[in-house]
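First chain written, first letter: the chains are A, B and C, and each begins at residue 1.
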């Protein structure tokens, strides 16, 4: 679901984010904690590197045999009593979910956080169908009250400070929270949402894993909201991307160890739940119907092109927690469903390169995201692949193309290049005083914020030839 | 005693060193010769092509890759005073030319011979500078490409430990990007500025007299920010200190 | 063409032909689970019970150890008194619990939305992570583990498994329940500024009562 096309351009969004000191404070608090906790979890898990190599191999195996696993999963899910639906794109997925809700006469739908649900635009689709939607994850509850989209895939409300949450709860909760410390506010949300859980007609969740050999879907949460979303209503709907498959429960556990440590620095989420079909005859509780919507939405296309490695992503958020750009501008500035490095790779797939051209460029290529990725996705390589595609498709600004082309014509003619450098550095020196250049035409991006060291005066190549001559004479 | 013949090293000075701070290139020659290498600087070199490569301009990047490969054929080793340019040659060229029947093998051959200078001095030459003395405190920033693409981390520190009197201080976030990112720093200047502002603050908090790093691009970014914000920190490329040149002008000081 | 066919065709278009046989795929999948000990954390302590207790305690789960199931009601009375809770309990309708002497405690099987305390049985425990495994079933309502503020779970020590894979191996080939839940610590959230708060939606208190192995009646 495209947010990018309806909003200000990336640079304007980034500038607004940079000017928001409260946002920066909120980002630093959460990503700083996440980074420290992940580091601690890894130092307590010396087998992490070996586990990561296996996690990557599991994902690669599934991707290489995705057709097989999709069919196996479908077979077993149907055998468990679930109904399986296939959606080639976001519109099909929205249509399937709303149709199930409308046919069930659903008035109230509870939803457990799912980034795929955001990706396919489910919140808006339910509203358009006149169905009341209640987000049950605490962070999603906060941003639902604020009328916002998630700014992080693990902490969707991480851009909001406690004071801002208190403001939202004061008007959104009846009665308002007793106090404005996090514990009182969490308590208030618990009370506020309890009745909704039990009164819902349909519960919608995502899936962290789809287990092929059992047909089960797996959710992980720390709050327990997924189970409260998927158990009381008559109907449970799962929306999941087709890349979420794993061969078996044991494979899911291997990935789970990586996912939780990378996401929150914990070892296990508090609740790891496998949902397999509707309630069995005689079961004490559980939904009467279970529907699983398998969503492609660009994934089969990625499988066929240079972005296949991105299908390994298990949505842990470590790449954004460790990204210097994300930590300055936060998630909303990216303008898509998924922010940070993984979002900069995925958003052009989902929203098109025309709408998201800036994202793969707004990266310093420092490689920290790939370093922390628990399934070894070469994120900078994929971002560069988008830049190359953008170049091939002629999407790069004319000035950039002309500048690079001129520079390349010089750089591929060493004699001319040496001459141009000699002239260039002398010219550059004219703009400086002392050792620094404080203002330089056409380089305002640099000198607006920092000084430029003034060139020494003669290029290395000039000096080297003189140096060689001296050295030869000295022999 | 049958001494191994001195290795022939081709020095790629990098376009930034060539234009902005040639003394880094001479420091490289000095150190490589002290380590027992025969050093040559092929005149046919210009830029490694990274600006084109990272802009997605694969055709121009490949042209520069071929030019560089040809210029450095025949050397035992190719050494660069930059982890970033070295990484382009080690990882970028083989990727870029993988589908080029005539050049793929030559690209891999160059990659196998290419080294960032501090790792070359330590890992290949087993070199330690002798008789260096510098009464100062310094902190070290790990430039990203060298660190993550080439594993440059222990080598510069080992070399710096051989400088008597030099007191190394820890840098908070030493492995966090400074916000340079090549053309990123001008294309997304406000974001880059926010990043380098935090970096400059961390450098000042370290209390060190000197900031050292292995890439001139990152150094220009950090030095430029430190100077703009009025800090007194003096910035050098690691090998300038190792070559005993820290008594000369720091980045942004007139010599 | 159905969406299913379109998706499967698109997937196959991106993959090499001929496709591997199911047997070959299964062998590859099995090989991915080889040498698990090199790729998972070691236990926190040599014994399963000690490891389980150490992990559980680190997550804020409280653990009591009892010699046999007959001692359970007394221990529960103590827990209720210690926490200032009234002597009322949502009790999982399991035969092994129903036969105990619960005198002095009001018991019910329906779980209220604001149930203060519920008590149930864990099917297994995982020593690696301090997790409890619960399967839904006729006498195991899922909401019993999620609605109460205090969740008391009885776990027989001989139902402790070393690692997550051991649980997967135990259940492989069985018909899965509607829900298999691994509970690892009390409900919590870090959604407000990353500060950890217990009792987000599920229980704010998780109390495990570990029953010594010799006390378990042969069944």
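Just so it is clear, a contact is a pair of C-beta atoms (placed from the backbone, for glycine too) under 8 Å apart; a residue touches a chain by one contact, two chains touch by 3 or more.
Since the model is a prediction, treat every value here as computed from it, not as a measurement.
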{"item": "Centroid comparison with subunit C (C-alpha atoms), farthest chain", "value": "B"}
{"item": "Chain nearest the global centroid, as defined over all protein CA atoms shown", "value": "A"}
{"item": "CA centroid of subunit A to CA centroid of subunit B, Å", "value": "32"}
{"item": "Interchain centroid distance [CA atoms averaged], subunit A/subunit C, Å", "value": "30"}
{"item": "For subunit B paired with subunit C, centre-to-centre distance based on mean C-alpha positions, whole Å", "value": "53"}
{"item": "Of all residues in subunit C, those that touch subunit A in their complex", "value": "2-4, 6-8, 10-15, 19-20, 22, 25-26, 28-29, 32-33, 38-41, 55, 59, 93, 113-114, 129, 131, 136-143, 145-147, 164-165, 167-169, 171-172, 176-195, 197, 199-203"}
{"item": "Complex interface listing, subunit A residues touching subunit B", "value": "11, 14-15, 18, 324-325, 328-329, 361-368, 370-371, 381, 384, 386-392, 396, 400-401, 404-405, 407-408, 410-412, 414, 417-418, 421, 424-425, 428, 434-436, 438, 443-446, 448-456, 458-461, 463-464, 467"}
{"item": "Interface residues, subunit B side, partner subunit A - complex", "value": "13, 15, 17-23, 25-26, 41, 43-47, 49, 51-58, 60, 63-64, 67, 95, 144-145, 148-149, 175-177, 179-182, 184-197, 220-221, 223-225, 227-228, 249, 251-255"}
{"item": "Contact footprint of subunit C on subunit A as seen in their complex", "value": "26, 29-30, 33-34, 44-45, 47, 50-51, 54, 57-58, 61, 64-68, 70-71, 80, 85-88, 92, 136-139, 142, 155-158, 160-162, 165, 182-183, 185-187, 189-190, 193-195, 197-198, 214-216, 222-225, 227-228, 231-232, 242, 247-251, 253-254, 256-257, 264, 267-280, 282-286, 294, 296, 300-301, 303-305, 308"}
